[in-house]
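Multiple structures follow.
Next come two complexes built around chain A: one with chain B, the other with chain C.
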Partner chain A sequence: THQTHAYHMVNPSPWPLTGALSALLLTSGLVMWFHYNSTILLSLGLLTNILTMYQWWRDIIREGTYQGHHTPIVQKGLRYGMILFIVSEVFFFAGFFWAFYHSSLVPTHDLGGCWPPTGITPLNPLEVPLLNTSVLLASGVSITWAHHSLMEGNRNHMNQALLITILLGLYFTILQASEYFETSFSISDGIYGSTFFMATGFHGLHVIIGSTFLIVCLLRQLKFHFTSKHHFGFEAAAWYWHFVDVVWLFLYVSIYWWGS
Partner chain B sequence: MLGVQAQMPAPGQWTTPPFDPRFPNQNQTRNCYQNFLDYHRCVKTMDRRGKNTQACDYYFRVFHSLCPVSWVQRWNEQIKQGTFPGKI
Partner chain C sequence: FENKVPEKQKLFQEDNGMPVHLKGGTSDALLYRATMLLTVGGTAYAIYMLAMAAFPKKQN
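The block that comes next holds the complex of A and B.
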């Protein structure tokens, strides 16, 4: 019985089921945490979710890299999938921008009718946030350098450029964490802090996810998983990284700069 | 404010606030708020110049007509405690 087409016939897998169950545990765990300050269910949800992600993607790497199931037609499907995922992420962030502009364009009289609201001291956009902007822009350049080195088979440059991109991502995260300690407002003391921390916090989470994605790519690159023609895992990580970069530019211009 | 004096009705004939083109919408929250602010700014300026605050009565009557009583009570309490967020 041999296959006369290039599509990937997947085998039965437990990960969709464990993934769904872990997602249910995660939401229930968040409710238990917010409502009863109990973290048992949340920890269980996080643990099972991380285990599912690790094992599911491990299986995908085995199927794609070692078993050769990721033919050009399968890669086309993966590309569409990644594009649709990023589009859904765009709408996710559009929601937070909507909340921000809804609250800030016509500030309610309870805020003093102005933005930032009376009594709020925002962060100076020309200090650390500007540094963060240049760090992320530089990482966008270095990941392009990594991609071109990969396509040209220049292994040393690829390793170097990818490592630089990851380090810039980690630097960004550290800077954002230190900025959060500097703020005089909090997520719970009013609409300014709520919109600020909701939008920048979820962006920060996405930077951490993107950095993890890039770290996985570096580990795979060190194990020779990528060739100059077959490296969609890396391309997906690069798309995601550019997306996170663009979200930051909108955050910077809207919330840090215009919003201060 | 365009012709405040011209908008003032004869004593006893004052009914509801006239249409204000700055606030053309059904929601008159900001009309109420703006007149509350204008009244307090007016009183502050008149007091500083040692003038009669009677010119400010118009704003007073507009915001008293438009604003819910509970809002005015809360704002007055905030002004007393120095926590009113508006700029007077």
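The block that comes next holds the complex of A and C.
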């Protein structure tokens, strides 16, 4: 068997099957949890989902880093895939911004005809939210520092800058979690809390996913997986991190600042 | 940390017909079987639970 083209012919993989079955376990697990207060199926769904994700992405690292299947033409496909994924995420968040502006631009008289609604005490945008903004902006700088260090082959700087980026991400998550304890409104007591927690909560989830992605990159970097010319896994994590950063800027300006 | 990439490349590029998800050795096979067992077994259990939920017993 001699391959005369640069495309990646993948091995048959069990992970799409186990992933689909684990999705069924997650959804039926939620039904059983809501309906019978039983968490067995849901736990099974979460466990098999994590197992599938771990092994699927482990195999992609094997194919790329160890088997050399990620040729320039294959990397081009990976780039398009990541771009399309991030575009789909943009639309996901656009929905929450639509709900927020729909509710806040012309507030109904039930709310007192004003925004924030009567009786709502919003968070002060110039306190922790402003700190969070600078933390994420700084992490955008440090990840660029990491990328340039990687391209220049400066291993120490790359490790430091990537670690700093991850620590800033974790700091953001801790600040957001502590801020959630400070709010005088909840997700279930009106449109203000609903739009606030829906948008900022999903953003927080994305920060946690992005931090995990960056932690995987740091582990791979420590294990010498990235070269100065071939490191798409890191670039994808950086794109994703910038996306999460930009969403925060929109959240900050719209919900925390204008909306208060 | 030492650079183990070259030996991993040798291991995973070996021409032994093994699919990539099992090429790493025994731990791969164990993890694969555990995942298959849990998902397939769990799916059977889920269908059983959903069927039970669809036909509730009459309460006297």
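Definition applied: the second predicted complex is superposed on the first by the 252 of 260 C-alpha atoms of A that agree within 3 Å, B and C clash if a C-alpha of one lies under 4 Å from a C-alpha of the other, contacts with A are read in each partner's own complex, and residues count from 1 in each chain.
We take it that a residue touches a chain if its C-beta (ideal position, glycine included) is under 8 Å from a C-beta of that chain, and two chains touch if they have at least 3 such contacts.
Computed from a prediction, not measured in an experiment: that's the story for all the values here.
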**Request:** Identify the partner contact of A:H109: answer first if only chain B is touched, second if only chain C is, both if each is, neither if none is.
**Result:** first
**Request:** Counting touched residues of chain A, say whether chain B or chain C comes out ahead.
**Result:** C
**Asked** Touching A:E127, do we find chain B (first), chain C (second), both, or neither?
**Response** neither
**Asked** Between chain B (first) and chain C (second), which does A:E152 come into contact with in this model arrangement: first, second, both, or neither?
**Response** neither
**Asked** Should A:P12 be classified as contacting the first partner (chain B), the second (chain C), both, or neither?
**Response** second
**Prompt:** If you look only at chain B, which of its residues touch chain A in the complex?
**Reply:** 29-30, 33, 85-87
**Message:** Please output the residues of chain A touching chain B within their complex, sorted ascending.
**Reply:** 109-114, 117-119
**Asked** Can you list the residues on chain C that touch chain A in the complex?
**Response** 1, 3-5, 8-9, 11-13, 19-21, 23-24, 31-32, 34-36, 38-40, 42-43, 45-46, 49-50, 53
**Asked** What part of chain A is in contact with chain C in the complex they form?
**Response** 11-15, 17-18, 21-22, 24-25, 28-29, 31-32, 35-36, 40-41, 44-45, 47-48, 51-52, 55, 59, 62-63, 65-68, 222-225
